Structures are given as C-alpha cells and as structure tokens.
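Got some structures for you, see below.
Both of the next two complexes hold subunit A, though its partner changes from subunit B to subunit C.
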Partner chain A sequence: MIKHQKPAAFYDTFERKEPEAVSTHYCPGCGHGTVHKLIAEAVDDLGIKDRVIFHSPVGCSVFAYYYFDTGNIQCSHGRAPAVATGVRRVHKDAIVISYQGDGDLAGIGTSEIIHAANRGENITVFFVNNAIYGMTGGQMAPTTLQGQKTLTTPTGRDAGRDGLPIGMAEIINAVSSPVYIERVTLSSAKGVLKTRKAVRKGLKYQVEGRGFSFIEILSPCPVNWKMTPVESRQWMSDKLEPVFPVTCFRDAGSTGNPIDSRLDVHKAIASEEIPFMNDKELITLLNGDSPIPNIEILQLEEDQLVKIAGFGGQGVLSCGTLLAKCGIAEGIHASWLPSYGPEMRGGKAYASVILSNDEIGSPVIDDPNVLLAMNGPSLDAFENDVVPGGLIVVNSSIITRKVFRDDVAVLYIPATDIAAGEDLVAAANVILLTVYLRYKRVMPIETLKKIIPVSVNRKEFVAANLRIVDKALEYYETISQL
Partner chain B sequence: MNYVKITADQCKSCGVCVQTCPNHCLAIGSELNALGYQSAVFIGEDRCVACGLCFYVCPEPGAITVFKNEQPRKETETEKGVSL
Partner chain C sequence: MSRILMKGNEAVIHGALTGGATHFFGYPITPASEIAQAAAKYFTASGRTFLQAESEIAAINMIYGASSAGARTMTATSGPGLSLMAEGLSYLAGAELPAVVVDVQRAGPGLGNIWPEQSDYNATVKGGGHGNYSNIVFAPNSAQEMCDMTRKAFSLTDTYRMTAIILSDAYIGQMMEPVDIPETVISGERKEWAVYGDAKSRGNLITSILMKPLEMSNHNEHLQHKYRQLEEDCVEYEEYGTEDADIVMTAFGICSRLCHTVTMIMRKEGYKVGFFRPKTLFPFPGKAIKRLAEMNKTLAVVELNTGMMADDVELSVHGCSEILRYNWLGGIVPTVKELAERVAADLKKSGKSRKGGNV
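Presenting the complex of A and B:
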C-alpha cells in the first residue's frame, strides 16, 4: 500500500507553470518545496482544501499558485498579512494562509506582519527564513548572518554597517495577541518532522478559530549560499540555528494561556455588526442609495483641466471629488489629484481634476483651462497658468481684486455670500462648480444633483447643497442676461 | 517488503534523501533524466522500513512515493521514469 505520496492539495500537473509540468520551479535542494509539501499534506489531512485561500508573497515562492489546488492570491511585496486580513474579514469560513520569505516579511513588510499579529487575526503565517534575498540573486536580507557573504555584502555582513540579523519570531513574541509562535528548521529529518507538526498545529488552531499563528521555518538556499544542498543543511545546523534558536516561543493553544479572551475577540469579529450582504445590497450601500445615472457616454468638446484652489476648509478637495464623480457618472475618464499642507484647516489647498474622453496619462495639471479660485492667494498663484481662452471663476465675496488677464473668460460670483444666505457657508464650492458646469455646458446640472447625495458625507446637508445648486443657477441667469 | 518509487523525471539530484535515509536505501544514479539531472535511485530492497523521511525531506511534491508491504512492480515501457 502507498504510505506517502504527493498530497492531493497539489495539482496533478502544474499547468500554470507549463503544460504537463510535474516538477517545481525551485532550485535543487530548496526548502520551499518541502514546506509546500508539508502544508499540502496538512491541508489534505484537515480536509480544508476547498476553504484554503493561500497568500503568496514576492520572492521565490511567488509562484505558489502554480502548485496549490486551493484559492490563491499573489500579494504585493511584504503585504500578504494585510491582504490576508482583508480576506479574513470578508470570507469568514476561509482558512487563510500567508506564506512569506524573509526578504518579504522581515524586510519589506515588517510593519504589516507586526500589526496583523497585534490584531490577532485568525490566520496562519508561514515565514520561510533562508537569511537571504533569494529570487533576486542573493542580496543581504535583514536576517542575513553577521559575516555572511552575499551579493551586496561581498566581504560579509558587518554589524557596524548593516546591523545584526533580526529574529522575527522573537519580535512577534513581544506582541501579546498571537496564540502560537514557533521556530522550526529544515536542516535535518528530525527538524522536518517537527516542522510538519508545527505546520499542522498552526492550521489546526486557525480551523478552531483560536487566532494568529506564526511559524518561522529556517530553510536552505543552497544556490545563493553557494553550497551543495547537503552542505547547506549542515551549515544551517552549524551557523544558522545558533543565531536563530529553534524553539517554541508560545503555544497558548495547549498551555491554557488567556486564550479564552482572544476567542471572544474572534467571536466578536465573526458576529460583527455589518451583516452579510449580497452583491446587489453592497452596490446599493456603496452608492449611498442614490441611483447613479446609467446613460450614454458624454462627449466633451475639449478635455477639462480644472484647478480648484482655496484654503483648507473651503471644500476645495471635496469640490474636486464631486466634479470627478460627476465625470465618472457620465461615463468619461476622470482624475482627482489633491495637494494640501499638513494642516487640515487654513492652509493652502488645491485640487486638480481632469475630465476626458481619453484615458488620462497624468493627473497633474500645469496649464488648467478652468480655474475655480476660492480665495485671493489662489488667484494670485494660478491666474497666469490658465491657458488663453480659458475660464476663471472668482469667488468675489472673498477676492476683492479683478482678474488682470484679458484673454480669458471671467465670472465673478459672490459664492460665499450666496451660500451664507442659505446658512451653509461651506457650500461656496458647490456654487462655483455649478456656475462653471452651467457656463461651459460640460454636462447637465441634473448629473451634479444626482451625485451630490452620493458625494456629500454629512447626509443632513444634502438638501441644503441641492438648494444651493438652484440658487447658483438663479444667480447665473441674472448675470448672464446682463 | 517496502520500497520507494522515485519518479526520475521529477528528481533534481539534490541528494538530500540520500543523506537522510537512515538505512542507506537511496543513492544518486548515473543516468540523466529529462531535466538533465542524475536522478536518485532506490537500492534498499531488503532494508527499507517505509519511514517516509525521504518523502518529507524531498523538495519536489511528487518525486517520491513510499510503499509499505508491497512488492515493487517491474518497470514497464509505459511507466516512463519509474526506476527501482
């Protein structure tokens, strides 16, 4: 009878690699294949194959989706725990595996792993530590040993220059939320069997809903260490394991540490207030209950390069998003690029909005053809940038001077005064926007009115904003007849 | 009788199984496989205990299959890549 064979959690043939492929892309003697096999076997034995969503990193194991017949997401560099968190929160029945290397987890994604651990996400993290950046050709990683020669440390890592190797299991152990933290090694058959146990335990705890498991696996990289596969395993026990002690740092699943309180946390997450919603309900939620017009794509006479400028608090940025959303609702391309100082109120703020029938290459606007100037300094700053034949809409309640240019169209709108008349001074932005859309006939004002309920965050101000659009139109009619 | 089947065309000749096997049932063979490596071969007909250590240390998912209490079948022409 067959006692050990290729686990069923692997594809029979790795068609994503190449047709009929049966071997991995890993170098001879690589540790990844062994870890893959141990995970696949545990997935088989726990009967969770159809529930697993496997998050692979950037690194040699980037192609894990070639091999695992499970759900797969390939995450950007270092971000697997963050992506896994999102999947965890959305797919409550999923078994979420984050598989990362040391460049990915200990270098690029240090912050993601620590915060995922601190939140005690109910995920299992497999951290494959081979003390080097493998895929890119053997550069120094944070886990590289003191004196170890790599491509970027040809004379050996120097603690004075590069620091000392970082122990991720120790760092995770400084966080109180994880339930299980262990470091294991692939240096020997005994180590592999211990790794097998640790992999199973990490997954089992997740199935039981216990919380965050972190398993650091010391793994050989013979090619980049410039050793034979057998030598590399000897080097691991001689050099790597004294620096990275192979031990169980925490096992709150069996020792009865305060795991009950953590279970409560996960129960709370599992039953959190947001109910399950189907796609239709989600779309309704995201649209703010407002029907977004589904109409033919608007044809613009020319690209609208709109600069909206004022001081923070005048609704400069939100005016920009409102305009961009109107463009999107009309089926055209839109971009919105904010620029503001660190202060939330009172600093300079401007937004660049582009509406175009073509794809937008860059959201930056050097020469706007529309300027909505909310205050004096912004008119001073951008007046000369407007292209000849462009439009400047001036908030004449605040800006007392006239526009110097005579080759552009200018509209003087006492926007702040009109808005104050409706007890909503902050809506001066909407007035300038309305007048601009009306004057240039960019799109029907009806679109703006449909988008305001979606775009305005404080729903109690929606009605007032809609009234203000009408006021702005009334005012525009009076000046256009002059 | 126990034995280990090595699918020759999946073996990358890293030699870790050879070094790991406590009863020295495996060796690196002399023939090149489809990948260009000298595949490991099973030489422990009388002493394999089917412990599975070679299976676990092997980095290739499907290169090694371990049989317990079973006679190895003769290699046929259709079973390309099976070596004993």
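Presenting the complex of A and C:
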C-alpha cells in the first residue's frame, strides 16, 4: 500500500533548493517524484537511511540531493556507475544508489554502466527512461521512439539516420554478472505498485550483499512530450511499452533461478579478501626480500657510461640492472635507462647504465665509453658512438664481423657459446659483463657474485649464473695471456 | 632503510603507499603502465585496493567516488589518458576533492609517440579541463623524487582539497635509480566533509554545481584564494651557481637532469653558467625567477615542448631580463654536447661570455 506521509529519507523542507521549500523542481506529471518517493520509502522500511550514499546524475534528477536526507554525491554526465564503484570500494557497508536518466545512462554513460554491471558491483542502479532529454529541454535520447518528434528530431526520429531506440535492460541482460534486472513502468497504478516492489528488491539485494541490480523504470515526461499527464500515461502503454517490454529479465533471488550459482562466485571473491597491512608490515613489503648488500665505498677512476645492446630476450635490460645494482652496492651513484615500448617488442633492446662518483645528471648516454654488443645490429648501431679510448666487448658467437674502429679497445668473447656450454644460453649477457668489469677493473668481481643472488629473478638459476662468471674469468685469462 | 634499484614508475607506488594511499584506479598506457602494474602488486598484497578501470574516464570518476568517500586515492596515465580525464579533473576541482594523478608525459598531440615530451605542461599547470581552477603540480626529476613527491602529494592534496599532479616524463618514469624507501606511513584521517555511509556524514553533499551566479562566483573566489595561499606556502625549487652566473639554465623534469650535467661541465670549463629548477610548477616559483631576472641573468628555458614554461617565466620577469627558449619536440632529447654548444653560442652572442667562474 502506498503511504501518504513524507518518508523520513526525504528532508522535511528542501533547503538546498531554497529556504523553506516544500515542492520539488520537477515538472507537473513527471515520473521522477514518484520514483524518488518509492526509493525513500524503501530506504525507510529497510532502515538504511544512514548508510545510503545517493549518486545523482546530470539530467533532470541532477538535484536529487535537494530531497534525499542521505549522503549525496553529484556526478558528471554518465559516470555515476564509476563514481559509485569508487565509493563501493571504500565503504563495504554503505548502500550505494546510482540514479540515472536515459541520456546519462543509455547515451554518454554506456561504457560505465556496462562495466560496473560486469564487475558485479554491489550497487543498485535506478534507470529512469522517459525517451527524451528533459533537462536540456526536449532533445532526442537514445531511447526516443522511431518517428518521435523532439527538438533535435523535428520531423521525428529516423531509424535510417538515428538508429532505433536502445534497450538497456536487454543489453545489461547480456552481461552475466548482475543478479537482478527488471523493467517496470509508471504508466498505471498497477505499474507503480510493481515498481515499488522492484525498487525494494533492488535495495534489499544490495543490503544482503548479492551484487548488481538494474531497475529500468519507464517514466512520463508530459512537458517535453507535449502531452497532458493523462495522455502521456496512455502513450506509455500504447507506444513505449511495446518497444520496451515490461518484464523481469533476471532475478537471482527467486527460487530455482540458474543465476543463483553466481552468488557463490561473489561469496568466493569476498572470502579471498587480503587483510589490511599495518604500517610495519607495509614497509617490510615495500622493502622486498632481496636487499642490495652494502659492500664497500668504491671510487671510480672515471664515470662508466655503459651501453648494453642486443635482441629482446638476450637479457640486455637485466644485465643493465645487474651492473647498476653492483654500483649501488659499492656506494656509488647509478642510473639505468631502457629502450621500451614497441621498440622492445620489435626485438631491439638496449640499456644505458651510468656509474659515477658524483650525482648523475643526464641519464641519457650519447657517447658511451663501454659498449657491450650482444648482436650484429647493436654493434652497427652504436660502434661509432663509443668515445676514443673506450671499450667494445663483442659477443663473437653471434657477431661475425670485426670492429672497424682502431681507436678503441676491443674484446671478442664467444659469450653465447660459453653460456651454451653451461646450458644457460640466456646468461651470455653475464659473460660480457664479467669480462668488462674484469678488464677495466671497475670493481671486484666478488661484488658481482654477491649481487647475482639478489638480482636474478629465478633463484634456481643463481648457481649457474655464478658458474658462468667463473667461466667468463677463465676465458678472459686465456685471451689476456695472448 | 634500504635502497632499491627501481623505475621511477615503481617508485611512485612506494611513495603512494607510504603516503597513505589506499585506492588506486588505473588504465594501462605506455610509458606509465608500470605504475598500474606496481599498484596491482603492492596495493593488492597490502590489502589496499587496486582496480583496473575500463577507461581513463572511468578511472578518474572512480577516484571522484573514492575521494568523496574519504579515501586517499590516485591514478596514473600519459597524454591521451590525461585528455580523457580532463572533465574529471575539473569536477574534482569544483567539488574540492583531494586526488593524486601521475602523468608520465609522452609526445603529442594525438596518439603521438611514447618518447618523452613535456607538452602536457599547459594541460596540467593551467588546469586541463573547463572552468577556473588549478592543480598542485610537482615536477620530479629522479626515481627518488617520484617516490617522495607522490608521498608528499597525499598530505598536500588533503590539506588543500585539490588534485595534485605528478608531472613526470617517459625518461623519469622508465629510468631505474636507487630509491630510499621511506620508513613511515603517513595515513589519512577522517574528513569532516566526506561521505562515509554513516549517521555522522549523512548530511554531507559532494557537488560542483552551484546554480546561483553569486554562489558560483563566491566559490570561485574561494578557490582562487586557496591557490594564492598555496603560492605563499608551497613553492619548491632548487638552484645552483646562480649567484655568479651570466646565464641560468631553467628546466624541469628530464631537461633539468641534462641542464645539471651541462652546468657542471661548463663551469669546469670556466663558463658562468647557473641552473634553476622549479620542483613545483603550480605554485610556480615566479618570485625566485624574478629575483634572477633583476640580477640581470639571462634565462635559458630548456623544454621538450614549444616553450610552455618559458611563457610563465616571461610573465614572472615582466621583461626584466632576456629569455631564451631552447625547445625540442616529438620525443627528441638533446645531447649534453648540443645543449652546451647552444649555451656557449648564446653567451657569445650576448657579449656576456666571461670565463673564470668557480665550479
């Protein structure tokens, strides 16, 4: 039975509208007032007034916060489901209502409503469909009927130009996650009673934590339809309802409904919730489990401007981080700049690592004094950039040509072959790095050996990497004696 | 405290979590994606919330919701995503909601490319969306600052009820450097204006609509007053060698790293070159820049855009001093050598080419 006193979820007077106001801003015969009242009554009956956070849209109901004595958020056009998602993720116990019109939800906001539905957000959406843009004065809505005259369809909506009216409940019904989808109508007293039930059900399901409810309410707009309130109700049942069938599309709460299994999914998600870490736990998490050891304070003879280049997958970037971490362990300054994005996916990778006694300014290396070339294209690309007197370490397993320059030191190391001998082809990068550090005596090789265990991601490869370092040193001894 | 080698983008999340952030909403975009990835890892593991939104529009509106609900919340993006967030940024400003947005700048306009530019200067420092508003804009130039400025931003954004933007770039975001992880967490407190879905906050309304012109005008005046207060309280910059300099290289972000190196090299060679870096772009260190101009320093503004900050420098000095504009576009970053030659040439041209400055 519909009550006649003002629900407690409404303000006594609408002070946000103007002092002492008792009437709404809605036009005579408009359906919003009815929907507002049905919601307010349901909020009263469920005893959830303090918990409600009401999201008003852009459109005629933009001022819903004039009336609802609840928490209120006014949202940008079409985005209420995203805003409601943000609120939902902060307050698990709040009752989150998104109230939207047809321009807001079915036009500008289709993306937000579909994805909020698909995430199964535990919110209730009231979609008031009156087949026209009311607030802006009567332009075409996505739900405007074929042939219907509006300010932007003066000769009537033309399906050939504008498409046909869009059924949002049907679209939401194509999404698996929602628990309750129903279309109701305000065209008759009976329809209003059914709407009252649907509004309650949508809110009750949220209180019970069941998930996403979507209630589409066909609603009259006599002023913009240019009809009397009575005519407009007749038009709804004659014209609107045949296009937008009034029916329950899905109700997970009713017995025997196959969607019931969905409730278990929601429960499963809830049970996996990770506890909120305290400050100490958080700091421990952020510090990670592989701190870089402090070894000694090293003074470099000169800044190391190292370019490491090769195919993607040759460990170019990780070789760079290994070197940078060695620098940090030694107490010197280090920076690492990668190639990134599609360039990487194209298979060309390089990293620029700077080690310096002083604070590092530019992390960009234009003229490296060390080039570790893992493949031919890298040598071609960077050979000429190396400063005179610099060092080029060539992976001679893959690069068949010699270095053209005669003003730089060159070491030819069959790194891929040596690494293959140890069943770890991916560690050819470590071989070039070891030889470079040894040749230039940048830092003790012991530092590298201490950093490998904290730098190699897959712990089962630590031992093999350490073995590779020794192999590299062995090979270096053979060539340095020549 | 431990030092960890990490990308600037990852450092953002370390700063955010130690700055009390609890909710991250994001959408992947190069070169900012590592921020969302690190958030997915660390926000989730620590029982905070990470959610991948369906678009940047949804992400910024989820932030609008989470911030309305009193949470310390953030997102990260790059140019095209920032454009989509423009409306949301305006609503956040209108409703005076705190939020932190990281922009790892790439080249534009349009889809542009993923290499560094600084061409979102106007879109962030001047607001970005419609209406009269400003954001707090930090300009980090290292992985450490990506952490520290993000951490600090959360407190500032709560205090001033404004969006704070961390205006980074592709190099500062992608670069790895050692980062000292902060040892404490600065958590947010309950906000008396936010909606919590409880009796105490039931009367609260989050909105940016003010239908009466006088109310809207007053609200605007209030916002402007807040921005002027920020200019008094929160300007940050650093300078080096400006006292004896003939020319002061003025830059933010990645360009400030280049200018740092150029300054060091040229001073060793005896050139009187100085260096000035705004760490906040809004509020802008206009007074400090004016002081340099009054000392008759030439200001060489180095940017990866068409001279957007140089415009603000010009406004600050009111024609007091010569402003040079060094600009690169499209993802091209000048070499240190190129930049040093340009400075030397301009010093010579201006007849100020005195050597003998101290290092």
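Definition applied: the second predicted complex is superposed on the first by the 250 of 482 C-alpha atoms of A that agree within 3 Å, B and C clash if a C-alpha of one lies under 4 Å from a C-alpha of the other, contacts with A are read in each partner's own complex, and residues count from 1 in each chain.
Please note the rule applied: contacts are C-beta pairs under 8 Å (C-beta built on N, C-alpha and C of every residue); 3 or more make two chains touch, one makes a residue touch a chain.
Here the structure is a predicted model, which is why all the values come from computation and not from measurement.
Peer 1: Identify the partner contact of A:Lys37: answer first if only subunit B is touched, second if only subunit C is, both if each is, neither if none is.
Peer 2: In the superposition, A:Lys37 contacts subunit B only.
Peer 1: Applying the touch criterion given at the start, work out whether A:Phe249 contacts subunit B, subunit C, both or neither, answering first, second, both or neither.
Peer 2: Once the two structures are laid over each other on A, A:Phe249 reaches no partner at all.
Peer 1: Give one of first, second, both or neither to describe whether A:Arg233 is in contact with subunit B, with subunit C, with both, or with none.
Peer 2: first
Peer 1: Which of the two partners, first being subunit B and second being subunit C, lies in contact with A:Trp225: first, second, both, or neither?
Peer 2: neither
Peer 1: By residue count, is subunit A touched more by subunit B or by subunit C?
Peer 2: For subunit A, the partner with the higher number of touched residues is C.
Peer 1: Which partner does A:Ile95 reach: the first (subunit B), the second (subunit C), both, or neither?
Peer 2: second
Peer 1: Tell me the contact category for A:Tyr476 with respect to subunit B and subunit C: first, second, both or neither.
Peer 2: A:Tyr476 sits against neither subunit B nor subunit C.
Peer 1: Would you check which partner chain A:Ala189 touches, where first means subunit B only, second means subunit C only, and both and neither mean what they say?
Peer 2: So A:Ala189 only meets subunit B here.
Peer 1: May I ask you to decide whether A:Asp279 touches subunit B, subunit C, both, or neither, giving the answer as first, second, both or neither?
Peer 2: After superposing on A, A:Asp279 lies in contact with subunit C but is clear of subunit B.
Peer 1: Jot down the residues of subunit A that show up as touching in both complexes, subunit B in one and subunit C in the other.
Peer 2: none
Peer 1: Would you tell me which residues of subunit A are touching subunit C in their complex?
Peer 2: 16, 49-53, 55, 62, 65, 69-76, 79, 82-91, 93-96, 111-112, 114-115, 273-277, 279, 281-283, 285-288, 291-292, 320-321, 324-325, 328, 333-338, 340-342, 358-364, 366-367
Peer 1: Enumerate the contact residues on subunit B facing subunit A in the complex.
Peer 2: 2, 7, 9-10, 12-16, 19-20, 22, 35, 37, 50, 52-53, 55-70
Peer 1: Which stretch or stretches of subunit A touch subunit B in the complex?
Peer 2: Contact set of subunit A toward subunit B: 1-7, 10, 22-24, 26-34, 36-38, 40, 67, 186, 188-189, 192-193, 196, 222, 228-230, 233.
Peer 1: Which of the residues in subunit C come into contact with subunit A in the complex?
Peer 2: Per the stated touch rule, the residues are 2-5, 14, 17-18, 22-23, 25, 30-31, 42, 44-49, 51, 53-55, 57-59, 61-71, 73, 87-88, 91, 95, 114, 170-171, 174-178, 181-185, 187, 195-199, 201-209, 257-262, 264, 333, 335-337.
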